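Please go over the structures that come below.
Note that chain A is present in both complexes that follow, paired respectively with chain B and with chain C.
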Partner chain A sequence: MTAETIIQSLASGLLMGLLYGLIAVGLALIFGLMDVVNFAHGEFLMLAMYVTFFLFTFFAIDPLLSAPLAAAALFVLGAAVYLLIVRFAMRAKANVGMVQIFATFGLAIVMRGLAQLFFTADYRSVPNSWLGGKTVSVAGIYLPQPQLFGALVAIAAFGGLYLFINRTDFGRALEATREDPGAVALVGIDKNRVFALGWGLGGALVGLAGAIMATFFYIYPDVGASFALIAYVTVALGGFGSVFGAFAGGIVVGLVEATTALILPPSLKSVGIYAVYLLVVFIRPRGLFGSM
Partner chain B sequence: MDKQFVARRRRDLITAAGLAAVAAIVPLFVKDVYVQNIMVLTLMYAALSQSWNILSGYCGQISLGHALYFGLGAYTTALLFTKFGVLPWFGMIAGGLISAAIAMALGYPCFRLGGHYFAIATIVIAEIGLLLIQNWDWAGAALGIDIPVRGDSWLKFQFTRSKLPYFYFALVLACVAWFVTWWLEDSKWGYWWRAVKDNPQAAESLGVVVFNSKMGAAAVSAFLVAVGGSFYAQFVSYIDPGSVMGFQFSLLMALPAVLGGIGTLWGPMLGAVILIPITELTRSYIGGSGRGVDLIVYGALIVLIALARPEGLVGLFSRRRKEATR
Partner chain C sequence: MLSVREVTTAYQGLVAISAVSIEVQKGEIVCVAGANGAGKSTLLKSIAGAERPRAGSVTFDGKRLDGLAQHHITATGIAYVPENRRLFPRLSVRDNLRLGSYLYRGEANREGPLDLVFQLFPRLSERLEQRAETLSGGEQQMLAIGRALMTRPRLLMLDEPSQGIMPKLVDEIFQAVKRIRDAGMTVLIVEQRMAECLEIADRAYILQTGRVLMQGPSAEIKGNPDVRKAYLGL
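Up next is the complex of A and B:
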């Protein structure tokens, strides 16, 4: 194992990690806002990948251009899921936590079923997109363009999100609702509207991630499952609900995955991520950046 | 409270005995192999969910990784039998004890974690177990283990001609899991668990050793689930990592209890009796073409029940009963 190989895989790990952060940040945002874990998050990603695939196949729109469309579609989906399902799940008088888990989990199964029914179980891909399969060489290290672009989008999205939360009225309303949903009602903020927009925003972020994933990953109805578990670990690693934590958690997960792949056979590369998660929460039971 | 409570517990016991007796006669009239198969699975999931309910329902530690213990039970039995010729009955006990020991070893660091951190830790640990077995060549790796047929006998717990013996074992298992829950509900452990679930700080201040009671719940729960896994290995006679340790098993164990009523005596049983036949029937009647309609129906049902009956379906019965006694 040469130094070059190590740097090469750490660099790819970093890029992938930023993308993991982008996949996970919607989950963290929603959790921070209202303490709900969306168990259909992986299926949101799957749907965004299909949206990108169909826009490419039927209208020849490159994923680079259709990414905002995928984000918009997922914004609508996220808000609709809140208004039609989660809003009612939160009203449960007993077992609120379990009701939320199983309401969103049931939704995940329905979405997978719908994908099988309408899109079939075939593996799809977006061939010959502008970035797909191309690499760029930086100081002797080869970086795949889709991941590189994805990492840049992730950084931009996190920057945008930071400004959005801190500099806009809605962002401040979001932050205030997160801190005290009862009190915001007194100053005339409609809690349901904020929650719906929060879900929409969470959806839009995973929609962006899905459009990029579609350029270098196979698209099939169950594709969300494996990324969902990584997203949960990322969010928990960062400290549930912390948007910055999801960003940092994603980078950690990407680097650990790349390192594990150097040491263990490829089929065991996820073991490293899981082991690091356990190690972190055993030492810090609320993740890296969670409040103690 | 006392008299009513004792009367209620006695009535529960009599009801359970009556239901078990009725269930025992059913396969004498229902000869259809397909239906018998569904009945075996229903009883097995009732037992698994009842066991899951001990840790997650009564003690409030939501585990989404019980597939680990199910898989350990199945693998211990299958490996001991195929590699060393150990009878499945011993494998079943060994699998149960190994699982209980592992549950306690994992509980030691994990029970410090709260809420979602705990639930995700259980998922992650079960996934690590799955990945390790998939890469363990001696245990068949991803291909799994084919349990050789050595002729029908109770000694080897193998039956190729009839499903009835499996049915009766699953019935006994479901009864045992139910009875253990019934018995623990009114023991000091049962009270500790509910106290730990409702308010761990208050429980601790009243002298409940929170940590130990979680460990006890984990051990009992894991032991029973492993026995179920061991049974499943004999029942299907072929196991591979994904089919006994996959994440879906963790959910299939939790679902009946959640739908029926989490942390209740009858919830898991009721949930399994409704959910498992629906799962199997939708799979074979509208899911045959692999077009996903079965998933849509199944998923929609979960959403609807979760939203409409958050306290579980068992609430339907208790309300009626309350009115009747009034």
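Up next is the complex of A and C:
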């Protein structure tokens, strides 16, 4: 194993990690806002990938251009899921936590079933997109362009999210609702609106990730499951509900995955992630940046 | 200005206030006094929309409020400071105040009432960057009132502002209430400390087990022999 191989895989791991962060951040945002885990998060990602695929196949819109459209579509989906499903699940008179879990878990199964019904179980891909399959070479290290682009989008998205949360009135309303949803009406804020926009924002972020994933990953109804699992680990690593913990958690997951792949056979590349996850759970259960 | 007519509110079948009627005129300070559990807090919650009355009506400047969502009621010009204050504990004093002006976020002069808030409670201006949870009880009450003032209310409703506060600050807060009225607002205040409350109020209601027991100008209530014996310990 040469130094070059190590640097090469750490660099790819870093890029992938940033993308993992982008996939996970919507989950963290929604959990932080209202203590609800969206078990359909992977299916949100799947749908974003299909949106990108169809826009490419039928309208020849490159994923680079359709990414904002996928984000917009998933914004609408996220807000609708809150307003039509989660809002009612939260009104349960008993076992609210369970009702929420089954509501979003059920949604995941329905979305997967509908995808199989309408899109079939076939593996799809977006061939010959502008970035697909291309690499750039930096000082002898080859970086795949889709992942590089994804990493840049992830950094930009986190930067934008940071400014949005810390510099805008709506961001402040989001923070206030997260602190005490029962108190925001005292200053005239409608918590349902904040929740709906929070879900929309969470959807838009995973929508962005899905558009990028579509350029280098197969698209099929179950594609969300494995990425959702990684997203849960990312969120738990970073600290449940911490938006910027998801960023750091994503990077850790990406690097650990790349390192594991260097040492163990490729089929075991996920082992490292879950080992680190267990370690964090034992040593620092609130995650790296959690405040619980 | 505010007219509460025959309002009944119940929690899970338990009636907390029963057919309570009160009136508040513009520019008044009205005190609602009574023992623990008399239904004072429930009355304010029913007006603010935090609880939905089972019967009766609440009218504010001719507009029916009962049944409106709480955030809409805030927007009509009623600011409510609940008993437990409900600040945003991990946000700074500045952010808490700024959230108070959320309804005016499009306006250039959205933080207009800030001058009044700092005049009333100068110590808030020294703690702007501190998290709300690090303030003392009295300062948290000041911040809660300050945040309420930022919503530019015509009617300010305070639930037990003296609770959990050292005596020196209690006086400061009651003095602030008078100055808030002088600044053109109307105040409805709920208190267990009847003596102090009657001192600043124009009129008062006494609630007992969910009903209005007595009402009238403060001086009259203060002079009532039953009140002096039962509530003022004289």
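We take it that the second predicted complex is superposed on the first by the 291 of 292 C-alpha atoms of A that agree within 3 Å, B and C clash if a C-alpha of one lies under 4 Å from a C-alpha of the other, contacts with A are read in each partner's own complex, and residues count from 1 in each chain.
The rule is short, and it goes like this: contacts are C-beta pairs under 8 Å (C-beta built on N, C-alpha and C of every residue); 3 or more make two chains touch, one makes a residue touch a chain.
Model, not experiment: these values are computed from the prediction.
K.L.:
In the overlaid three-chain picture, which partner chain does A:286 touch, first (chain B) or second (chain C), both, or neither?
P.N.:
First partner only.
K.L.:
Of the two partner chains, chain B (first) and chain C (second), which one does A:103 touch, if any: first, second, both, or neither?
P.N.:
Once the two structures are laid over each other on A, A:103 reaches chain B alone.
K.L.:
Looking at A:121 after the superposition, I want to know if it touches chain B, chain C, both of them or none. Which is it: first, second, both, neither?
P.N.:
Touch partner of A:121: chain B, not chain C.
K.L.:
With the two structures laid over each other on chain A, which partner does A:176 touch: chain B (first), chain C (second), both, or neither?
P.N.:
second
K.L.:
Who does A:189 touch here: chain B (first), chain C (second), both, or neither?
P.N.:
In the superposition, A:189 contacts chain C only.
K.L.:
Given the superposition on chain A, which partner contacts more residues in chain A: chain B or chain C?
P.N.:
B
K.L.:
Can you name the residues of chain C that touch chain A in the complex?
P.N.:
49-50, 69-71, 74-75, 79-82, 86-91, 95, 98-100, 102-103, 105, 147-148, 150-151
K.L.:
Within the complex, which stretch of chain B touches chain A?
P.N.:
Interface residues on chain B, with respect to chain A: 62, 109, 112-117, 120-121, 123-125, 127-128, 131-132, 134-135, 247, 251, 255, 258-259, 262, 290-304, 306-307, 310-312.
K.L.:
Tell me, which parts of chain A touch chain B in their complex?
P.N.:
Residues 31, 37, 85, 88-89, 92-99, 102-103, 105-117, 121, 221, 225, 229, 232-233, 236, 240, 265, 267-268, 270-271, 274-275, 277-278, 281-282, 285-287.
K.L.:
Using the touch definition from the top, list the residues of chain A that touch chain C in their complex.
P.N.:
169, 172-173, 175-176, 179-180, 182-191
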